[in-house]
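Step one of this worksheet: look at the structure below.
Going in written order, the chains are labelled A, B, C and D, and every chain counts its residues from 1.
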Amino acid sequence: MYSGTNVDKYSFRNDYSESAHPKIIEAVLKLAYETNTPYGMDKHSEAAANIIRELCGKPEAEIAFTGGGTATNVLAISAFLRNSYEAVICAETGHINVHETGSIEYAGRKTITIPVGVDGKLTPELIDPVYRAFESEHMVVPKLVYISQSTELGTIYSKAELTALSEYCHKNGLKLFVDGARLGSALMAETNDVTLKDLGALCDGFYLGGTKNGLLFGEALVFTDPEIADHIRWFIKQKGFMIAKGFIVGAMFEEALKTGLYFDIAKYENESAARIVEAIKQAGFKLYTEFQTNQIFVLLPAELGQELSDTYGCFIQDRLPDGNWAVRIVTSCGTTEDAIADISAWFIKKACAGIVKSYIGK
Amino acid sequence: MYSGTNVDKYSFRNDYSESAHPKIIEAVLKLAYETNTPYGMDKHSEAAANIIRELCGKPEAEIAFTGGGTATNVLAISAFLRNSYEAVICAETGHINVHETGSIEYAGRKTITIPVGVDGKLTPELIDPVYRAFESEHMVVPKLVYISQSTELGTIYSKAELTALSEYCHKNGLKLFVDGARLGSALMAETNDVTLKDLGALCDGFYLGGTKNGLLFGEALVFTDPEIADHIRWFIKQKGFMIAKGFIVGAMFEEALKTGLYFDIAKYENESAARIVEAIKQAGFKLYTEFQTNQIFVLLPAELGQELSDTYGCFIQDRLPDGNWAVRIVTSCGTTEDAIADISAWFIKKACAGIVKSYIGK
Amino acid sequence: MYSGTNVDKYSFRNDYSESAHPKIIEAVLKLAYETNTPYGMDKHSEAAANIIRELCGKPEAEIAFTGGGTATNVLAISAFLRNSYEAVICAETGHINVHETGSIEYAGRKTITIPVGVDGKLTPELIDPVYRAFESEHMVVPKLVYISQSTELGTIYSKAELTALSEYCHKNGLKLFVDGARLGSALMAETNDVTLKDLGALCDGFYLGGTKNGLLFGEALVFTDPEIADHIRWFIKQKGFMIAKGFIVGAMFEEALKTGLYFDIAKYENESAARIVEAIKQAGFKLYTEFQTNQIFVLLPAELGQELSDTYGCFIQDRLPDGNWAVRIVTSCGTTEDAIADISAWFIKKACAGIVKSYIGK
Amino acid sequence: MYSGTNVDKYSFRNDYSESAHPKIIEAVLKLAYETNTPYGMDKHSEAAANIIRELCGKPEAEIAFTGGGTATNVLAISAFLRNSYEAVICAETGHINVHETGSIEYAGRKTITIPVGVDGKLTPELIDPVYRAFESEHMVVPKLVYISQSTELGTIYSKAELTALSEYCHKNGLKLFVDGARLGSALMAETNDVTLKDLGALCDGFYLGGTKNGLLFGEALVFTDPEIADHIRWFIKQKGFMIAKGFIVGAMFEEALKTGLYFDIAKYENESAARIVEAIKQAGFKLYTEFQTNQIFVLLPAELGQELSDTYGCFIQDRLPDGNWAVRIVTSCGTTEDAIADISAWFIKKACAGIVKSYIGK
């Protein structure tokens, strides 16, 4: 998206291996010469919040800028689940269940997990029997459904799917929260039909990820119903999430959103990933999950999976019983032309008859 | 410290109202073109940690880079107090007691508070009778003493004072932790005789504040005994304190420490404050506490205190029974010549016979 | 109160050294031959709750039977402070601050402590300046005032004092909770003018202690406003406080309250203590606090204090700077005539000129 | 086990619907005339602890008497998992996962759940793949395996199964804890080959349930390694689990164990259940799980399941996809001859050709 990365080897490990898009850093530099009110009570945070309110069609929404994904999830869930006996429902693959070191439990809340398919998505049909089982004071009270857009498997909920979830939740007294660490990428997906206004209308809370979308750090947490956010600044401070120089986050979001850079970065990430997917398909390899955003999950024989992981720092998502591995490739705003060409060539190179024939389970 | 701030009015509210020293931001910009391992496992964080290890004479120390002060205090205290029945002793004015919205209690630990004088300092003599009172399973077990350097009142512990505390703690099975949100300023104080090596030798943990010392954000938490830090990365992640792009913090500390900028900024802050103190004294006003670092606490009649607060965004520390107010003036690396001149002139202007005569309690 | 205790030495350590009044145990024996619904959903608990509702003039009150004092305090405070940033104000000598091993902090809530006099009582005047200091999201939000009736120092709040506290709290959006571990003794004190109906009218919650009033165990927690108690059974279960055979507690309270035994026991405790106080005064010794209930705090020279403690298992409340000790003598429903005579004789025996003359500070 | 229950209808709801075996209550009555040291520091608790130490062949074991099952599990798990990032592995049907209202999460710890068969048992084979997945600071650290003996499904681990689990755990740095709410019944099962000495040798902790085995309340928690129990009394107090009159629990266990009553009660419960199982089989109904202890899980068509539940207060364990229900029948020390005859007759009565033919899935 911007001129070249001078590293030893190309990385497709994740979308947070470079500091930030240079235009974002430029905005931060301006703040060195400007005195701002601390703790997020500044004009940039207010401006950014107003843009977000307008984008999601919720003029009364409460916006809280936070530092990172886990903190944002913990904060949101604490706001939704005021009472310690209330619990959150999520997919077994949900980030809060798998990769946050028990942060929700550390905050004293139970996560109720539901096994899902390889798309990582929850549906009313999956939730309902689990939800119905909670019936007495000997069990927690489910109060919130947590999903991710895009999911941990790179897929996205369609508007129809999101609407069904929203209706199910609200009919049953549940709130709906969307982890948007990669919301930019989801919004700009070719297959996407969900707008920010839809999120505003259908969800009780969601966040626009900044860290994985070209900012130094920072997420914009949106509570569509400001009552849910009651005393949210007390929560933020108590949990150690308050950012002294909160105006930095505000100014980064302001810059990214008012110029459209936020969406350009997401689009670039998706398009870069699409080019790699093309090479994967040409090479005859299969995907583990449908490709939709900036995360690709490719199926490879174990040996090849290890090589891909070693060469490009890729995360091994799953070691399947059939011997194949699902390996993750992620593009970022710092992904260069050279890097895309390099990994594409890797796949083509492996596409000799021998290897593809040996594809386990083929 | 660097060229002018273009704000509406000069601010002496705190030392975190500008984003960062431009040289720091330059270092961050370089990272836009460089791929780094996430979560603080990068070469910059390692380099910065090694500089810190050398500076404090503890080659085996464990260093954790965190995002802000409250998070750092919570993290450190959680590492020191593994068991929920263990407690931390602090001054009644201690930051963790007063201004962190019960973050220690949220983490499930009790703070045992001890009334202190206007210097905000703990001594073995103050601690001992309190410590002795905890004797059975019906009471918590004090395990840690928390102090700040500089203190919340801008004062600093001398080497003799710190040594006495350290000896008392270690003789009694207590650990000693130093909140160093403003450690740079303390180290560079004219009256200071405590080195980083002394801190390394006398304390079990301390941190070098970055947020209030010219960095965008970030603190460097030092555990002199690496065993205390066992599994510290699990704590960091679980509490929502892990920084995805941790290499940004590492690179900022690397830049600030290897060039000496970290200490230059602190020195500049102190010297700027010293010039304002001179004006205050010339004008005939008194200080609430001894001036030593970059925080000035001036005594003013209530009306004048309010005016100073309104004009320069100053925090009102205390409303004394005698009618005077203790108002805080803080300098930062963004404090300009013009700002210093402006507030100095304000004091001189007020120094007409009438006002000084009316000084309550004079 | 019932025939003799066959122990090695007489004990005045506390009011929970015998199992229970025999009539109470008789009621429990009946339940061996009766099948009851578990977890407190039984007819005895309902009957006991109804008696309590009538006694305190609150037909809509929510009553929860619990196992012991600390559990009851934790439960009540959790119900009052739903949000982790909310805090409870108490006397520095308050049981929750001193003798519950940080149970409130373990539950994630901060206790705001206020220094009080030797009577251990809070007043609006003591609370107000502390309460006023909490003003921003950097500090917790005081939401509840916790007092004990009788206090940890054996004193009781008068109706006027309780009314003043209640009015102050409710005017300031604070709730008022009364720890009634020794409420029976307080209600039956000669100097008492507070009825259960007064408590019902003035407080938002309080409990009738059973453990220290002749029951095997158990406290009756009263929420005068049932909304405060929302989902209280979920809290009870989650905290590990639910009693499988809750009907035992219900039946003990039913028996104690419907026969008046509850009040007879308290009266007996107070009268036994009064007889000892008479001996103390005859012997020329002074009390540390006003004698009102079943706890006596006598001032003795250190050596004598130690002897009293050794002989009768008494708790040493305070070692005063003047060399005297405040030693606690407690009577229970198992205190015998012989025991009263024995400790009275001890005081008289010490009343020789020599010892009384040596009374420090006389 | 003792003469008749005078209730409206016979109950097979659970094993805690009567207060206690009369002999136990007799022991408690003696304590009304005896002064004992509070908080479990008394001679009866010490005597009971010594009997338990001898029974399980662990003279150095630490014994803690607690009030109920959830409290005991929370206490044990807190002792095993000192650090908030440590987690407990259990069966999906485990009591701590399903029926304790998130008490483990309230204590800040994650439960890692593993789907198990209808026997409710964990095996090394089930644990291993789950355990292996936890590999970085982004995930919790499994430290403890929790099982129940008997399980929530009434089955028991054989000595071979327990040994395999123990070996697996200890080879992998995991501790093994056994919830013994119904340990008496398990020990006295006809099919049982596990002794208390085996438990002492194979487990790191377990408890002997009292509440469900004829005591008023109370469990005896055994830590075979006293180091695990470090400062356990501080945990007990802080969590609100300390019993003021702890000597009552001590004396009940002393009485039950020294006279063998503890085991007689368990045996009686099992034998009563066996007689009902005989009737069930005669009537042609099937069991959901193998019958081993004092819990019977019978498969019935939904309508009949509802009738059984309505008539005898039975808990519906599962509504199976095939239309049958698994309904639980529990016997207790208060189960009378008449009650056994009554429920046996109910099954025989239903055994007419029509109903058994309609047995779904037959």
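Descriptive notes on the structure:
In the analysis below, a contact is a pair of C-beta atoms (placed from the backbone, for glycine too) under 8 Å apart; a residue touches a chain by one contact, two chains touch by 3 or more.
Quantities reported herein were computed from a predicted structural model and do not represent experimental measurements.
Two chain pairs, A-B and B-C, are compared here, and A-B has more C-beta pairs in contact (counted per touch definition above). The two sequence copies subunit C and subunit D touch through a face in which the numbers common to both exceed half of the numbers used overall. Computed centre separation for the pair subunit A/subunit C is 52 angstrom, with centres defined by C-alpha atoms.
Chain geometry summary: the mean Cα position of subunit A and that of subunit B are 34 Å apart.
We define each chain's centre as the mean of its Cα atoms; on that basis subunit B and subunit C are separated by 43 Å. Multi-chain contact residues of subunit A (touching two or more other chains) are listed as 84-85, 100-102, 106, 108, 137-138, 140, 234, 237-238, 242.
The residues of subunit D lying in touch with subunit B in their complex are 39, 78, 82-85, 108, 137-138, 140-141, 231, 233-238, 242.
Residues of subunit B touching subunit C in their complex: 84-85, 87, 98-102, 104-106, 108-111, 113, 137-140. On the side of subunit B, the complex with subunit A involves touching residues 2-7, 10-11, 13-14, 16-22, 25, 28-38, 67-71, 73-75, 100-103, 106, 211-212, 216-217, 234, 237-245, 247-248, 251, 334.
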